[in-house]
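Shared chain: chain A. Partners: chain B in the first complex, chain C in the second.
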Partner chain A sequence: MIKAVNLTKKFGDFKAVDNVNLNIKSGEIYGFLGPNGAGKTTTIRMLTGSLNKTSGDIFILDKDFSKNEILLKSQLGVVPDEPKMYENLKGTEYIEFIIGIYKCNRDETLKRFKELCEAFDIDYLNNYIGDYSHGMKQKLMVTSVLMRRPKVIFLDEPTVGLDARSAKILKNLLEKYKSEGSTIFLTTHILEIAEKMCDRISIISNGKILAEGNMEELRNMANKESGTLEDIFLELTDSGELDDIIEEL
Partner chain B sequence: MVFCWNNCFLLQFEEGEGMMNKRFLNLISVFIKETFRDKLDVFFTLFFPVFFLIIFGTIFISPQDSVEKERLYVFGIYGNYIEDVEKYFEPHEVIFYESLETLKNDIESRKLSSGIEFIEKNDVKVYSNESFNEARESINVGMVIENAVKKYAIGAKRDYFNVNNQLEGLGRVVGTDIDYLLTGVLSLSILSGGMFSIIGVFGRYKREGIIKRFMVTPAKPWEFVVSSSFTKVLLNLVSIFIIVLLARLFFNANLDFNWITFLLVCISSTIGMMGLGVLILIIFKKTEASYTASSVLYTIMTFFSGIYFPVQFLPSQVRWISHILPVTYLTDVLRYVSGIEDMSFIKFITINLVFIFAGIILLYTASKIYVTSEKNITT
Partner chain C sequence: MNDLKLLLKYSFKNKNRPKPNKKGKVKEMGVFAPIIQYIMPALLFGLTLAPVMYMSFKNLNIPLADMGIDSNFNFLDFMFSTSFLGLGVFFFLNFSPSIIVNLFDSDMTKLHLVMPVKKSTIFFATAIDSFVMAALPLGMLIPIIVVYSIILKINVFFAIMATIGFILFLVAISLLGGVIMSFFMGKTAAKRFAMLSYFGSVILYVFAANFMSPDRFVTDDLDAFVIYLTESMNFLLHNFWPHTWFIKAMNGDILNLLILLGVGIGLIIFIVQVSNKLDLIAGSKKVKNKAIKIKQSKFPIIFKDMKLLVRDAQSIFMLLYPIILPVIFSFTGMNSLTFITIFFVMISSFYSSYLTVLMLVEETKIWPIPKLYPVKINNIVNSKIYIPVSIFFLEYVAIYIVLSIMNRFEIIGLVFMIPMLIILYYSSLIGAGMYLKNPKRDVKQKNILSGKEVLGLEATTMIFSLVIFILLNLYVEFLKVGPFWIFENIHVIFSHLILLVLPIVLLIMIILFSVKELKKIESKLRTWE
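Then we have the complex of A and B:
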């Protein structure tokens, strides 16, 4: 469903993403974790066509992304790391814009959107987006993606700014979509979410994937018979500096 | 749920019908709302030129002035090719002379503003009193003569038209001061509405992350550029309509617009000026730097393009600058379609085509370079 082969992105001499290989199956929630600046957002941006890759290949829904970009983009849902939208539009107008630009069936999509609004407690759509808080924008962004029911969903830190109730609803919805065959690619800094939700997780650092697999496989890679994802994550991405820092404090 | 969908300005189509148009119109709909709700954009495009018109119109012109100036000059005419020539000087007074000597004597005694000898229908000599050296008056008289003689001769031998050297440097042709001012304000309105707005729209959308967000949608970069440009053209047309309306209501402007060609000029020149904005944006890359550069260019164009005063007021050493500024040509075509200046149809078409094609090429380049370049930026 999502496949990346030797995906690389260079900014000058700096390799932000270095020969990343991914193979994510249909109906899978895939967690993409890493410290700040590891290359998560850069990878998502390349996979969704908003950033040019330096080298490598991307296949989505078994199609070469570079040859079918417009077609594939219409089947992707992307929740970016920041909910940037047209500030001078009202929420209702933004939704109409999304329906138009993705050529969705208006009645069906609006029906789904209204259900999502009830779930996420969105009742501010007649106000201008510029007046929304970060959380309100994030809820609108998430619902505007989910209402289209895309086959492949990319979410970059989707729970940032969401209240606990909304975050819980989002997690439940993603589980539901997964069971219905959608593929979900998720980055998050909240490791508990990734641990509970994701079928497989990869950990990226300095542009390279350090480990990939389900929780059991990750534990084996980190040589930990038990422990949480946080323990594994720190074991793989930290070179013992954390203990020294804590001790100093 | 308390939100209302009926408030939305929707463009609905049957599914499967005109799908490309649906997306495109959807984008235009969004850009129209965006643009007309952006207070800064609306101010600079709609109200700033109006502000200029009111300031300059109030300070420099009163409605009475316009009327009085139309009756100000008396011209003496001598020659063999003068049939029906007086109608081209209206509303100024024309006196015909049997002898050149008498005409010259009347100029000496200041009974006439100027004298014109028609050697051929398309070749004239102009005589003025040497003491008649008040610059503004001299230029106004020269403008009236040049305009009238051009119009008179243009039906006969346009290609060989020649005004005697005595008129060189006396300036372009205008109607009344308000007509002259109005076409200048329209030029500046089109310039600022095209150049500044396109820099603003790309800059703001880039800063707000809209372009980056746009890149993940199935819409194409050209759709983004064309729909945003279309909106700017629309906003500029509204601005032009307001300026013309105000000028007619409050300043007795009486331009004889050919509305179809006027509309063509407004659209083509707005596209051309947007292209200029894009060119600046491509050269300077950053929005703030582009704004500064375009402000400098705007000032240069205001002074060197014959907008508020004729190019002939400038020292001869710097007049060449006006010939490389697009606003000079924009002002020329506006004065042509408003009936206060003559121009060959080929020149008119050429200027408009250059505006349109240069604008389209630059806007297309912008979609390739500027919008797509977002795909190479990390943050």
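Then we have the complex of A and C:
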């Protein structure tokens, strides 16, 4: 479903993403974790076509992304790290635009959208987006993606700004879509979410993937017989002796 | 006061990220540099206006009593009162809503609110920050006051004190407007109000042009003239108006000077108190969904771009100004197709390029989301080029039709549509090209393009449009009346070459430049990420 081969991105001399290889199957929730500036968003931006890769290959739904960019973009759903939308449009107008630009079936999509609005308690669509709070924007962004029922969904920190109820609904929906065969690529700093939801997880640092696998495999890589994803993450990303750092502060 | 200085210092620093020069040295701008940048063009405009006003009004230093009107005022007081009133309202309409927009639109307000700083300090810092919006009316007002003082030989002390008082009053009343608006307006409402105020300014200008039209004073019926003057004077120089206090203060009336200064200072003190009680965070009224009505469009990008365009105050002003200008001209009797076409093409070509820039800014604001859409990025950019071109072209067609009905049908107006379309298209293209040279601009700044870029756009669009249209119009005159002054002593073939062939060559050049620019844009779009 999502395949990256030796994916690399350079900004000048700086390698933001360095020979990353991914192979994510259909019906899988894949967690993509890493510290700030590790290359998570850059990787997502390359995989979704919003950033040109320096080298490497990307295949989505078994098609070469560079040769089928427009077709594949219409089948992807992307919830970016920031819910940026046209501030001078009303919520309804933004949805109209998304339905139009993705050439969705209007009636079907609208039916799903209304259901999602009820679930996420969205009742502010007649207001201008510029007047929304971060959380309101995030809910609209999430629903505008999910209403299209894309086969592949990329979510970059999707729970940021969401209230507990909305975050819970989103997590349950992602589980449901997974069971229906969708592929979900998720980045989050909330490691409990990743641990609970993801079938496989990869940890990236300084542009390179340090480890990849399910929880058991990650524990083995970190030489930890037990422990949470947080322990493994900190171990693998060489976060230093945190107790000493805190003590010094 | 120290807090205010500190907020302003870092606000200006934040707005004017200095670029290193060729030697790599970074020269920081002074705190007042942005204000000076804004006020200078306005002052230059005012200074060019001043000699014209002086020449027009120098002989009108006539007491109204001499004209049989029971009044202590002078005819000049009456004439200048419209300018003082008009520019005062213009000042308010520009300055007041911009305070609210700035206050609610700035990310810094939220940050300042959690700092140990008084709300009034934040409000005043924002107001000073927004003062650039008042630069144009202020830049026009000052030279007019100087002309008024010179003609009436006003005492320097009273002139300076009254001017300070009047400007203080205008600032205070605008601040009061800002405070009142911030109580009940959200960010979007303030932006809408700012947009309306632009309209208000233009309508006011049309009204003033109409009101002060020389035609109104040209009459053989002296009684009717006196009645008209008396009624107008009673309205315009009523004691209710602050500009009447100003005129009286200028003429040495200490009581009115004290009223002017007192009201200004009193209002400022009042605003300091009230602004401490402001929320300073835009609350938005929630409009509950009655029913979600969503249509489907076959042209989602164009519809979206159109909506965004008409909801931006600056854009709507640019869209309407070239068509409002002929209306203003028609009030002053200048409604010839030649004259209006030249002005229209000169303004609309520059605005066409700038509107393309402003529309691209909307995509940059949400970048990189537009790259996720399942369309080629060229489609997104093309819409920004075609929309202003189409709107201005349709405006020209509308003007042509109206003028044909009002005056007479001129076939040349139809012919002009071809160069008009070519120039508008090229202007939009160079706007897009210039913006895409560096699409990662700080779009939160008021000046999206640098001064150099704006000048470049202005020069290119205006020179091409002016040269082509002036020459073509001269050619039409040449065909009608034969060779005239500069062409009298040269062979007729050169007249044809200069007046017809040269603009055609320029148009062909523009077409070639457009093809080149399109290729440049294509390559820039490939690397826009």
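The rule is short, and it goes like this: the second predicted complex is superposed on the first by the 246 of 249 C-alpha atoms of A that agree within 3 Å, B and C clash if a C-alpha of one lies under 4 Å from a C-alpha of the other, contacts with A are read in each partner's own complex, and residues count from 1 in each chain.
Following the convention adopted for this analysis, a residue touches a chain if its C-beta (ideal position, glycine included) is under 8 Å from a C-beta of that chain, and two chains touch if they have at least 3 such contacts.
On a predicted model such as this, the values are computed, not experimentally measured, just so you know.
*Asks:* Both complexes share chain A, so when I overlay them there, do chain B and chain C fit or clash?
*Replies:* Overlaying the two structures gives a clash between chain B and chain C.
*Asks:* Now for A:Leu51: first (chain B), second (chain C), both, or neither, which partner does it touch?
*Replies:* both
*Asks:* Is A:Asp131 touching the first partner chain B, the second partner chain C, both, or neither of them?
*Replies:* In the superposition, A:Asp131 touches chain C alone.
*Asks:* Report for A:Glu118: first if it touches chain B alone, second if chain C alone, otherwise both or neither.
*Replies:* The answer is first: A:Glu118 touches chain B but not chain C.
*Asks:* Pick out the stretch of chain B that clashes with chain C after the overlay, from 45-53, 99-107 or 135-143.
*Replies:* Of the stretches 45-53, 99-107 or 135-143 of chain B, only 45-53 runs into chain C after superposition.
*Asks:* Residues of chain A that sit at the chain B interface in one complex and at the chain C interface in the other, please.
*Replies:* Of chain A, residues 48-52, 70-71, 73-74, 76, 78, 80, 84-89, 92-93, 96-97, 100-103, 106, 110, 114, 117, 123-126, 128 contact chain B in one complex and chain C in the other.
*Asks:* Help me check something: in the complex, which residues belonging to chain C touch chain A?
*Replies:* Touching chain A: residues 186-188, 282, 284-290, 292-301, 303-304, 307-308, 311-312, 362, 365-369, 371-376, 526-527, 529 of chain C.
*Asks:* Looking at the complex, which residues from chain A come into contact with chain B?
*Replies:* Residues 11, 16, 42, 48-52, 70-71, 73-74, 76, 78, 80, 82, 84-93, 96-97, 100-103, 105-106, 110, 114, 117-118, 122-126, 128.
*Asks:* Applying the document's contact rule, which stretches of chain B touch chain A when the two form their complex?
*Replies:* For this pair, the touching residues of chain B are 1-5, 7-12, 15, 19, 22-23, 25-27, 29-30, 33-34, 37-38, 208-210, 212-213, 215-220, 374-378.
*Asks:* Report the residues of chain A in contact with chain C in the complex, numbered from low to high.
*Replies:* So the residues of chain A touching chain C come out as 45, 48-52, 70-71, 73-74, 76, 78, 80, 84-89, 92-93, 95-97, 99-103, 106, 110, 113-114, 117, 123-128, 130-132.
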